[in-house]
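Two complexes come next, and they have one chain in common, chain A, joined by chain B in the first and chain C in the second.
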Partner chain A sequence: MKTLVLVSHPQLADSTSQQFLKASLPSEGVTWEHLEDQDEFDVAQEQQQLRQADRIVLQFPLYWYAAPAGLKQWEDTVLTRTFVYGDHRYPLADKELGIVVTTGMPEQAFQRGGAEGLTLDAALAPIAALAHRAKMVWLPTFPIYQFGYLEEPEKLQLVTDYQRYLTQKQPDSLANRQDWFAQRLTGMVDRLPAEQQVTGKLIASVFDQNREHLDQLTDTLAMIKEQEDD
Partner chain B sequence: MTEQSTWLSQQIDQLATQQEKFTDRAFWLALKKVVAEQDRRSDQLGGEVDGRTWRPDRW
Partner chain C sequence: MKTLVLVSHPQLADSTSQQFLKASLPSEGVTWEHLEDQDEFDVAQEQQQLRQADRIVLQFPLYWYAAPAGLKQWEDTVLTRTFVYGDHRYPLADKELGIVVTTGMPEQAFQRGGAEGLTLDAALAPIAALAHRAKMVWLPTFPIYQFGYLEEPEKLQLVTDYQRYLTQKQPDSLANRQDWFAQRLTGMVDRLPAEQQVTGKLIASVFDQNREHLDQLTDTLAMIKEQEDD
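Presenting the complex of A and B:
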């Protein structure tokens, strides 16, 4: 799967959260682009990148309940009417659109009665409408609330959650999570120093056994349910 | 948690601590969470199999 990450942030170098996410990017399968880095958008090239991606992720801090101006400028320049839906061709159809949004306020602020009084889904409605118009598949949003307050265990968790958001098959079910880890486990074990290899292999083998055991249980259960229906 | 899962969880923790790269440590710790989820799901599915097999009306 090819993922295109488009980051909009007016001062990227000063943003600890954006630098953290950049350092957390998966080693392959992801193209990363900073929109404000470009004085002028090469429309043909931007559109070509979109055509080639399976999943497009827009990543930005929430400024006044919307993305920074750089993203809007990119939308208005690159997502021309002819490109998105002109002539009844929909080059973005069936591609997934994900949003990674960082906020300065905590999670509970984004609900009715909360400090912001608005859900993130409501704030992101214009982008969701665009996805709908382009016949794209809208992914559940990946919000990062108050990055500055995260402790180390939460940051460690964020690394893998973010990587999975960019590259794991949706929906985020246990089956898809297991597949994602299984695809990477052998490579991760190989990278371990020699003295840690035995432990790594042991962990991988228990993980595989658990996975098979779950598959068997699911099959058994399906069989029982089938008999109950008879 | 079974004895095996407690032991496995300790092994993963130990391996994670030994990783120099932050992203590598993150991978192993996230894997630990999935293994715990496998255990929980396996318990639940096992329980459901037992529950559905126990059918006094078919005795």
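Presenting the complex of A and C:
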């Protein structure tokens, strides 16, 4: 799967959250682009890049309940009507669209009666409508609230969650998570030095056994639930 | 009342709707500014202009369910957090915020199940949230659907409706409309050549009589309604 990450931030170098996310990128399968780096968009090239991606992730801080002007400029310039839905051709159809959004306010602010007074979903409705127009698949949003206040364990968790958001098969089910972790583990074992290969393979085999065991338990649980259903 | 109209359009000269609206501006009480004309915003001056206005109208075509990048750039640059709500000062509080938005799609597209799939209110929710944050008064939006298809009588109506949106007291009640038209009429009569002054004053006096008559009828109707209420 090819993932395209389009980052919009007017001062990327000064953003600790964006620098952290950049350092957390998976080693392969991801193309990363900073929109404000480009004085003028090469429309044909940008469109070609979109055509080649399976998952497109827009990543930005929330400024006044929307993406920064840079992303809107990209939308207004690159996403021409002809490209998105002209002549009943939909080159972006069935591609996944995800949003990684950082906010200065905490999660509870984004609800009716909260300090911001609207949900992130409501703030992102214009982008969701665009995805709808392009017949894209809208992924659940990946919000990062108040990055500056995260503790170290939360940041470590964020690295994995972020990598999964970019590269794991959707939906974010137990089975898809397991597959994702199993793939990573195999890749890691292969890169271990020779003297640690045995230990690595042992860990991988235990993971596999646990996984089978978990699958069986999940099946049993599903059967019990079915029998309990009204 | 002082009204500030901030227009965002990347190619203003080519926009027949924006040129029409510009030609329809009331002769006084309105400051008009084209945001994309400015290479860089003079933040202090822009903020000062906002402080002096009673009604602020943002005017733009809807691009991908939002304002063009130029308006977002203005928001991101001019509306600093400190200015809008820093130190618990709210310099924009109680000012009215109106939106004049032109769309390429017809009115019926902007609903659940319509071609666009979301309402204008939902598309403008981020700006409404900003108004809320600034403690401004949100005016009902002034949409212009498919300007290019308007007939001449509709365009004439648009001129008046637009002028009223910019300068008439809100809410858009019968009483406020009457006041607005009465003021305009007086102004027009004063500018007539001497030989037409008598006719002009006659018209104005008939208008006033009708208005009094209408007020009486409205009062009577209100009394009847009150008696009918459960």
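The rule is simple: the second predicted complex is superposed on the first by the 202 of 230 C-alpha atoms of A that agree within 3 Å, B and C clash if a C-alpha of one lies under 4 Å from a C-alpha of the other, contacts with A are read in each partner's own complex, and residues count from 1 in each chain.
FYI, contacts are C-beta pairs under 8 Å (C-beta built on N, C-alpha and C of every residue); 3 or more make two chains touch, one makes a residue touch a chain.
Here the structure is a predicted model, which means the values were calculated and not measured.
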{"item": "Partner chain in contact with A:Thr160 - chain B first, chain C second, else both or neither", "value": "first"}
{"item": "Touching partner for A:Thr199 - first (chain B), second (chain C), both, neither", "value": "first"}
{"item": "Which superposed partner A:Val137 touches (first chain B, second chain C, both, neither)", "value": "neither"}
{"item": "Touching partner for A:Pro10 - first (chain B), second (chain C), both, neither", "value": "second"}
{"item": "Of chain B and chain C, the chain that contacts the larger number of chain A residues", "value": "B"}
{"item": "Partner chain in contact with A:Val43 - chain B first, chain C second, else both or neither", "value": "neither"}
{"item": "First, second, both or neither for A:Gly117, with chain B first and chain C second", "value": "second"}
{"item": "First, second, both or neither for A:Ala109, with chain B first and chain C second", "value": "neither"}
{"item": "Partner chain(s) touched by A:Glu228 [first = chain B, second = chain C, both, neither]", "value": "first"}
{"item": "Interface residues of chain A shared between complexes with chain B and chain C", "value": "none"}
{"item": "Partner chain B, residues of chain A touching it in the complex", "value": "23-24, 153, 156-157, 159-161, 174, 177-178, 181, 184-185, 188, 191-192, 196, 199-200, 202-203, 206-207, 210-211, 213-214, 217-218, 220-221, 224-225, 228"}
{"item": "Parts of chain B lying in touch with chain A, wherever the complex brings them together", "value": "4, 8, 11-12, 14-15, 18, 22-31, 33-35, 37-39, 41-42, 45-46, 48-49, 52-53"}
{"item": "Chain A contact footprint on chain C (complex, rising order)", "value": "10, 63-70, 72-73, 75-76, 79, 116-118, 122-123, 125-130, 132-133"}
